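Multiple structures follow.
One chain, subunit A, links the two complexes that follow: it is found with subunit B in the first and with subunit C in the second.
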Partner chain A sequence: MQRLLQVCSRVSLGVACLVGLCHAQDFQVPAAAVSAGDEADISTTGSGKATFYLIGPGVSRKSEVNLGESIRLQAQDTRTAGEYLASVCSSSCRSAGFYVNAAKPASLTSLVHPSRVPVAQPDAVSGVALPFDQFHNLVLHPLTVNFQLSAGNALLLSRSVPTQNGAAWFRALSGKSAGLLQVTAAVDDLSARRAVQQVASDPCNLRITGQRTKVGISVQTEPVRDCAGNSVPDGTIVTFTATTANGKSSVDAPIKRGVAQAQMLASGAASISAASGVVMGNEVRVGAQP
Partner chain B sequence: MKFVLPITLVVLTVALMVAGLVWTGHAGGTVGIAAGSAMYGLTPKADTPEHALANLLADAQRRNWDRAYADVSKTSDVDESSFIQDWIGSNGGLRSFSSLEGFDSRPMHITNDEAQMRVRLHWTTPVGPIEDVRDFHLIKEGDVWKTVWPKVQVPSVPAQLVPVTYLRWDLVTGGAADEWGSKNVDAPHVRIISMNAVDSAEGAVVMGEVVNEDTIPAFVNVNATLVDGAGNGIDQENSFDKIAHVLLPKQVTPYRIDFPSISLKSVKNVHMDVKATLVPASADPVIGVMNQKVESDAQGKSILHGDLLNESGQTVNIPHVVASFYDNNGKVVWVADGYVDRALLPQSSEPFAVEIPHSLAGKVQNFHIVVNQYSLGRS
Partner chain C sequence: MRTSNCRARFWNLCSIAVLALCLGVSPNLHAADSAVQVQLDFKKASPRAVEELTERAILRDYRFAWTSIAQALEFNTLDPLEGPFAGDAKRWLKQSVVSQQQAGLNQKYVDQTHRVEAVFYAPEGDVMELHDTAEYQLQISDGGKVIHDEHAVVHYVVLMTPAADRWVIRLLQAVPQF
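Entry: the complex of A and B
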């Protein structure tokens, strides 16, 4: 039944055109790209009623229009950047495409990787900035993003990078001091700040001392630092191993206030070594209990 | 005539009840020589060391403590409450959650008045079946045999205040409303530092060590996929409990992945994958591993044993030992683990033992032990 109605309506439309009730139409989409959120006009020619279709990345609408009058595109019709297709149908359909660009940047999104990085690592810190307009469209036309890396009050790096296809990025070595690394990306008066935690690298020159006590051997490290002099974070495990004639004893001791210490139960002479991860420390010998 | 059927049923029921009581524990002859019953007068007389020990173990298995303690020699240096605690555990240790499933015993040495028996106790526990081998001394008292129960060593922890100032890491995660990229925290950086694949009696085994290279704790799991010559996956397994899952910064753990019933002959490649996630953790408690030594036990097995020393102020309910064994080139040749069935009280120690396969005992030159700890009420 529905199919029959469709056939009938097409037949009646064809008959109407044959008797001159239908007028040929033409229309003109905006020649230049429209900016997102801007209003725009589509001019039409001819006379009579027609149906207007607008299909875009964020819109799909249909309305009745009068041929010969302009079709007004409202701001909400063009909020999403991308390719749009406009169609006007009366006796036949005619279509044309136009493009909506992102508006001017309204926000800057930045991502910095990693969130933690050991000090003095080449190409260890990378960041990307993406400008968006007020409608969250990625701004594709070239802009210059200023990246600044600072630790404390010291400016470590300042670099201006043009965006390519809407993104600007940098890669840099990490600083020499543990602490917060501030990364700022700016475009005009817009900016985004991110932080990277710079942490000490592997322990360097891990040195231990040991002495006999009433209950065994007390062993502790000197302040544990990396090769750049940064204190290795508290909680880092140092493994102490005491080897005696009767066997071996080991303790995984966490660093506390910069040093790790442990009590080993060994009555005889003992040889004690330390390791943290894959880093080995020195070895000390403690004599037997008198 | 109408009473014949009811009487027959009653007689049959009573006969079955008596038979059940008399022959309780004889089922499954390979597991235990359990004898005895819940009713007085039906227990075999302890006229042999085997019967005496079987009576005691069967009563302990049924948690019939008074009767079990009655089978203990008066010369034992143990009271009934200590005897019971020896069986049921305390302080939330693994023994507290275990039950004796069966046992089998064999005589080691028997004279007219004394006997030495070796018993394999088969426990069911939350971490799987555990076998405990114990030697018992029995003596003849009158015309019955009694078991001399060894003195139960219960650590005595004096009242004290142990300050805890170790670092603790808590995890705060961002919400959906946060700006993109503003609160990202990377997963911890961990690395497999060694890997070795061998064939064992039970199948293929992949093992090695993992280090947490980061400055934050990591929850680590190692997965391995065996791949055949055509590039097809044969099997995928993970390290399950043969690893210390929570790794503090710079901590190294062994791992072992078992592939039962698979031979390495059919394997062309092994794909390793280590997963690490952020996890809240504490650097406390610190557990020392003292007096580590590889020795042969009475059965000729190579055993790595030692003592775990809890250097902190909190009870560790279920200590778990994971050990890696190295050959003279420093290559990991085996990884083994073992649970300690007693809780590790503050400032006290408990012995542990881990078995080394006979075929590898000669190769082992060194070893490294890490201790997992499970404490009730803590993640």
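Entry: the complex of A and C
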């Protein structure tokens, strides 16, 4: 009797196909979003052979399946987060879509700027952190990123920032001392470290001394420091200007070992000034050659 | 007389050939490009405001990227993916093309409309996140036979970063909703 029913069913399906009413069998894609890299099943009903298609980011798969059996999606099929389309074709095709979401965070991408920054500058250091899963999908559900800025053993800043649309960011004042600034972004046990070189800011209280020599005037600065007491880097240019009765002459001298010095040719009385960047120093007067 | 007729015929043939080339080649490129409509809204971009030149570059490069996706997946060719993509977006798009070639499938994106909103622009301008509500007619064919044809509305989260001469897509991730 059962055999008779099966034959009748097939015959009626065949007749239906002949009159154009043939449909593919039903199938069920995962109702909830699949986590990236997880296996999943697509259930089908009916009997007979069909062609199964899976089309998604990085995947275009075609295979023969038996209706009534589950179709197994392997872990490598669902590695990339996004929208997937499953299609089952027998006499006609039926399709359904489902989503694959990012898995749990496995790495943090951290961008920190700039790589070199003067000390004590407002909003001078900024950073962005983006959490990704092990398949490099952006994790979009909110996570808390802890940003920490430290110099040496001193913690300069600690800030917890929730991700919005998969990104968290901060902006901060640079530290007071020249040296390496460590910027750490962390989510639970994941962390990413970046380093920013903090350098002295503009010179502060530029002071010079001068004395007459046999060949002219020797001028030099005191150790050049910024307002926080950091030594201004060697190579920074200090411009010495001598004003005499005959006019003005200038010499550019780079800072070496913390000081800049120059020899100026002036036989008469001269007043010497110095400048570095936008900072002016004191002025010294040197008498005429005896 | 005979020589001048030959010359005239030669130049006519040349003109026809040039015309045929123009008709045969440029409409496709133009159609492929003009078929992608992109509306961009930068008002919500933060923490950095988007510069006017950057707005124009993003519009140009995002539109070109989708033209390239459509070409790559329709004709199963990797070349269009070389310029506008980088990183993981480029990797999976290439995988899509290769697996389509193997399975004998292709996808056609027709009448694309993208309503794009910039939601994040990094303080130093080195990464921008876009939310794109894309609408298109998606046709999937197996050996020329259409197996799926639908009007799709898909939400994409996009990360773009500046490269040497353009903005490139590094991440293109479809999500159920924003």
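The rule is simple: the second predicted complex is superposed on the first by the 267 of 290 C-alpha atoms of A that agree within 3 Å, B and C clash if a C-alpha of one lies under 4 Å from a C-alpha of the other, contacts with A are read in each partner's own complex, and residues count from 1 in each chain.
In this section, a contact is a pair of C-beta atoms (placed from the backbone, for glycine too) under 8 Å apart; a residue touches a chain by one contact, two chains touch by 3 or more.
Everything quoted here is computed from the prediction, not taken from an experiment.
In the model built by aligning both structures on subunit A, subunit B fits alongside subunit C without clashing.
Residue contacts after overlaying the shared chain place A:Tyr53 against subunit C, while subunit B stays out of touching range.
Of the two partner chains placed by superposition, A:Gly179 touches none, neither subunit B nor subunit C. Of the two partner chains placed by the overlay, only subunit B lies in contact with A:Ser276; subunit C stays clear of it. With both structures placed on the common chain, the touch criterion links A:Leu265 to subunit B but leaves subunit C unconnected.
By the document's definition of touching, of the two partners only subunit B reaches A:Val199; subunit C does not.
Of the two partner chains, subunit B is the only one touched by A:Ile237; subunit C is not. Looking at the shared chain after the overlay, A:Leu85 reaches subunit C, while subunit B stays out of its contact range. By the touch criterion stated above, A:Ser110 is placed in contact with subunit B alone, subunit C being left untouched.
Contact with subunit B, but none with subunit C, is seen for A:Ala253 once the two complexes are overlaid on the shared chain. Superposed on chain A, the gap between subunit B and subunit C at their nearest CA atoms measures out to 10 angstrom in whole units. Across the superposed pair, subunit B and subunit C both touch subunit A at residues 111, 113-114.
Chain contact summary for the complex, subunit C toward subunit A: residues 47, 87-88, 91-93, 95-96, 99-100, 102-105, 107, 119-120, 122-124, 126-127, 129, 131, 140, 142, 147-148, 150, 154, 157, 159, 171-176, 178. Residues of subunit B touching subunit A in their complex: 165-167, 169, 179-182, 184-186, 193, 211-217, 248-252, 283, 286-293, 306-307, 309, 311, 367-371. The touching residues of subunit A, when paired with subunit B in their complex, are 109-116, 194, 199-200, 202-203, 233-239, 246-254, 256, 262-266, 276-279. Residue ranges of subunit A in contact with subunit C, taken from their complex: 33, 51, 53, 55, 57-62, 80-83, 85, 87, 89, 93, 95, 99, 101-102, 111, 113-114, 126, 128, 130, 136-138, 140, 164-167, 169, 171.
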